[in-house]
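Dropping the structures in below, format is structure tokens.
Presented sequentially are two complexes of chain A, the first with chain B as partner and the second with chain C.
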Partner chain A sequence: MDSVLFPKGVKRCSLPMFLLGLIPVVLVLLWGVYAMLLCWIKGLNQTNMNDSYGFALWIWADLAVIAIGGGAFFSGLLKYVFGKDELKNIINYAVLIGFICYSSALLILAIDVGQPLRSWFIFWHANVHSMLTEVAFCLSCYFAVLTIEYIPLILENRKLNEIPFIHNMSHNMHGAMAVFAATGAFLSCFHQGSLGGVPGVLYGRPYAYREAILVWPWTFFLYTWSAAACGPCFTILVTKMTEVITRKKLVKDKVIHLLAEISGWMILTYIIAKIIDTIYWAQVTAPLMGFHWTEFFDSARSSLTYHGQWILYLEIIGCGIIPALILITKKGRQNTGALWFAVAMATLGVCINRWTMVMQPMAMPVMTFDSWNLYLPSWQEWATTILPVAYGIILIAISYRYLPIFPQESELNPSD
Partner chain B sequence: MKEGHHHRKEKKFGMVIDLDKCTGCGACMVACMAENNVPFKQNETDKLDSITWMRVYKFDNGKKFPDTEVCFLPRPCMHCEGQSGHSGHSPCVSVCPATATDYDTDSGIVSQIYTRCFGCRYCMAACPYHARHFNWWDPVWPEGMEKALSPNVSPRMRGVVEKCSFCFHRYQLAMDEIYAKGHRDFDEKVPEYQTACTQACPTDAIVFGDLNNPNHEVNQIVKPDHNHRLTGKSGNPKVFRLLERLETNPKVYYLSSREWVRRAGDNYQGEETPENYKVKEVHH
Partner chain C sequence: MFWFSFEWIWDMGHMVFMGGLWYALGIIGLGMTYVIIKTILDTFYPDFFEPGPDDHH
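Moving on to the complex of A and B:
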């Protein structure tokens, strides 16, 4: 029915089958939209946030999706600036995933603020000292860059590409893409870093606070580094999941292994920096603020509490050192199970890092007569956080069906 | 940050609360709510989402009866000067992306501009004192009570952050009166500017005034140590500030003759005491 819109030389399921498959996802999406409308109409009393947990699930989701969306800028940097031409076979998908992640972050932010209609004040009354201002500017600019990077892909749709004007426009945009990729990498380095600065500058919150280099706290550099390291792992993870769902090989192993190897070395160097940061924080920063680092974790009741120390070890060892060691070794990369495990754990690791930097500072008492706070998100918060996942699946499904996302697909699947 | 007016001396309004006098009666909280049109819910049991510009904390010395001692600690906004002194690098002011909270160098008061706040709550995340509150609901007063609201303070809408303003509207009224009488600044001839909590305290536990004025009682109690590297550090051994080590430089001071109370004002490890703890060598 819609086969004229498919990319050349590939096979897709029938339209009814495609639409049928999307129904559960659309239902989840509608659930999320309903929760979103509740939050906009009735206000943030629909959440379980409170005056101690002013930053909660949504801010974590923002930081996390932006971190895992970092595959777009880092793959772009590798391909267009460092000349890793092999990555052209996965760059489209990295851009699409990045576009989904960043648009999701903007949507979640729009739900998260108490007065969404005043969001533009962040630009109009900008406080240049605020890390959030830097985030807002770089995030908006980089989302514009991602949109520019995604547009040529849409224009390459078989039918659209038959129109000479669109064909030429798409061709010219491709020609200029290196400039946009470099701009995107620059912007992304800054906003990933600024997001790290958001907790890092909180000198009233000892868990989050880090010493600064010039005007940027350590977390500025760690966030950029970790997004560059773990973002590509998420790109690989989603590519692998897409291959399972479509039951097709979409990207050659050589490409995946190249990205995985670079990612592995990035994770290894990042995790070394993270360990140094943690030791300095525990031995120097925290004591000067009057704390022993173990007080930052709620281990009074048991070592496995919601805010227990286990989360630190899981992040550094389970989701840092182990995936790094798998990905830097040829044997590890070539073992399918190990590769799956490593990219999944690395993705989880960067999400845990963002989780602890958002939740732990809110939960722990700073005043001696204060107490630990626990928070469990309301269903509206869960629904609006899952909403972008549903939106992402739909956009990927539509893009995969109608756009030439994977240049190697027809070569790898000759029977199509 | 606003430039100071040259025709007036810069002030630094602050507060000393004598914890040995505080009985925890809560009059300061009630006065604050009435004065500043602070909204409340029908059920105020959950203190994590109720708005208390002034909140009285209760804690004890951790000893069993009959050695138990209790302390009540009223906590308004600390109006922090921040790490760089009177320039306003307060934890909250420095992070607000829309300049909706500001440090007034004329008075040292940290303001909150409700119509500019878009509710990101970054300031709340930055404040270790929990002095900032979010309006999770639109304010609703029992029927008829809206007639008793103060006309000098605008009620806040849902979705914005609010906090203690040191009754800034009273400062403005005092300044109006000063100008109306042909004066340029606070002096002996005009009524002094006081906060509602100060006036409501039945034991006179709260003293409020200009910390820069050596003739004022608040200055005489605090005895600011101008030689100390930390702005506003008290020279009175019985005076302390909450979380002094974080270098937020609050303008709210506490007074107590009890050592364990002074120790409860901050976090110390092992042998450290409020007098001998290690300090940072580098400022950022």
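Moving on to the complex of A and C:
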């Protein structure tokens, strides 16, 4: 029925089957939209946020999707600036995943601000002393860049591309893409860093506070580094998941292994920096503020509590050192199971890092009369956080069906 | 925020933050303007960037 819209030389399922497959995802999406409308119409009393948890599930989700969406800027930087031309076979998908991640982040922020109609205030009445102003500027500009990078893919749809104006537009956008990719990398570095800078400057929260180089705390650099390291892992993870769902090989192993190797070295160098940062914080920063580092973990009750030390070890060893060692070795990358494990753990690791830097400082007692605060998100918060996942699946499904996302697909699947 | 807004101050913070924003928006805007103009020329005036037959001596 819609086969004229498919990319050349590939096979897709029938339209009714495609729509049938989307139904459960659309239902989840509608559930999220309903919760979103409740938050907009009735206000933030729909959430379980309170005076202790002004930053809650949404902010963690925001930081996490921005970090795992870092695959777009880093792959773009590698391809367009450092000349890793092999990555042209995965860059489209990295851009699509980045576009989904950043639009999701903006959507969550639109719910979180409570008054979305006043979102423009941050541009017009900017507080130029705030890291979050820089985040807002760079985030919105980078989303514009990602949109510009995604548009040529839409224009390359088989039917659309028959129109001369659209064909030329797509061609010219590709021609200018290096400029946009370099701008995107610049913007991305700064907003990833500033997101890290936000907890890093909180001297009233010694768990998150870090020393600074000029105005930038260490967390500024660690956040940028971790996003560049783990973002490509998420791109590989989603690519592998897409291959399983479609039962097709979509990208050559050579391309995946190249990205995995670069990512592995980035994770290794990042995790060394993170270990040094943690030791310095535990031995110097925290004692200077009158704390022993173990006081920052809710381990008095049990070793497996909500904010226990286990989370630190899981992040550094399980989701840092182990995936890095797998990805930097040829044997590790070539073993399918190990590759899956490494990219999944690296993705989890960056999400845990954002969790600990957002939620853990909120949970800890700040005053002597305070106790550990616990927070469980309301169903509206869960629904609006799951909403972007459903939206992402739908956009990936539609893009995969109608757009030439994977240039190697027809070559790798000649039976199509 | 522009320099003619009542809340504008000529200090480093405003110049760096807002300058950075305009710089990024400028590159994106100029880049897209170039792409659109070139596309119009390529589509409706295909010989615009090609040397005409009289240009070859």
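The criterion applied here is as follows: the second predicted complex is superposed on the first by the 416 of 416 C-alpha atoms of A that agree within 3 Å, B and C clash if a C-alpha of one lies under 4 Å from a C-alpha of the other, contacts with A are read in each partner's own complex, and residues count from 1 in each chain.
Methods note: a contact is a pair of C-beta atoms (placed from the backbone, for glycine too) under 8 Å apart; a residue touches a chain by one contact, two chains touch by 3 or more.
Computed from a predicted structure; not experimentally measured.
On the shared subunit chain A, the superposed partners chain B and chain C are arranged side by side without overlap.
If you count the residues of chain A touched by chain B and by chain C, you find the higher number for B. In the superposition on chain A, A:148 contacts chain C only, with no contact to chain B. Vertex at chain A: the C-alpha centres of chain B and chain C lie 90° apart in angle, rounded to steps of 10. Applying the stated contact rule after C-alpha superposition, one finds that A:165 touches chain C and leaves chain B untouched. With both structures placed on the common chain, the touch criterion links A:269 to neither chain B nor chain C.
Residue contacts after overlaying the shared chain place A:126 against chain B and chain C alike. In the superposed pair of complexes, A:55 makes contact with chain B only, with no contact to chain C. Contacts of A:14 after superposition: neither chain B nor chain C is touched. Once the two complexes are overlaid on the shared chain, A:289 sits against chain B while remaining clear of chain C. Of the two partner chains, chain B is the only one that A:113 touches; chain C does not reach it.
With both structures placed on the common chain, the touch criterion links A:368 to chain B but leaves chain C unconnected. The gap separating chain B from chain C in the superposed three-chain model is 10 Å, by closest C-alpha atoms. Looking at chain A, you'll find residues 124-126, 129, 133 touch chain B in one structure and chain C in the other. Touching chain A in their complex are the following residues of chain B: 46, 48-49, 57-59, 73, 83, 89, 91, 94-100, 116-122, 124-130, 132-138, 157-161, 242-243, 245-248, 264-269, 272, 277-280, 284. Residue ranges on chain A touching chain B, taken from their complex, read 43-45, 49-55, 112-116, 118-119, 121-122, 124-127, 129-133, 136, 198, 201-206, 211-212, 287-292, 295, 361-362, 366-370, 373.
Only residues 1, 5, 7, 13-14, 16-18, 20-21, 24-25, 27-28, 31-32, 34-36, 38-39, 42-43 of chain C touch chain A when the two sit together in their complex. On the chain A side of its complex with chain C, the touching residues are 123-126, 128-129, 133-134, 137-138, 141, 144-145, 148, 164-165, 168-169, 171-173, 175-176, 179-180, 183, 186-187.
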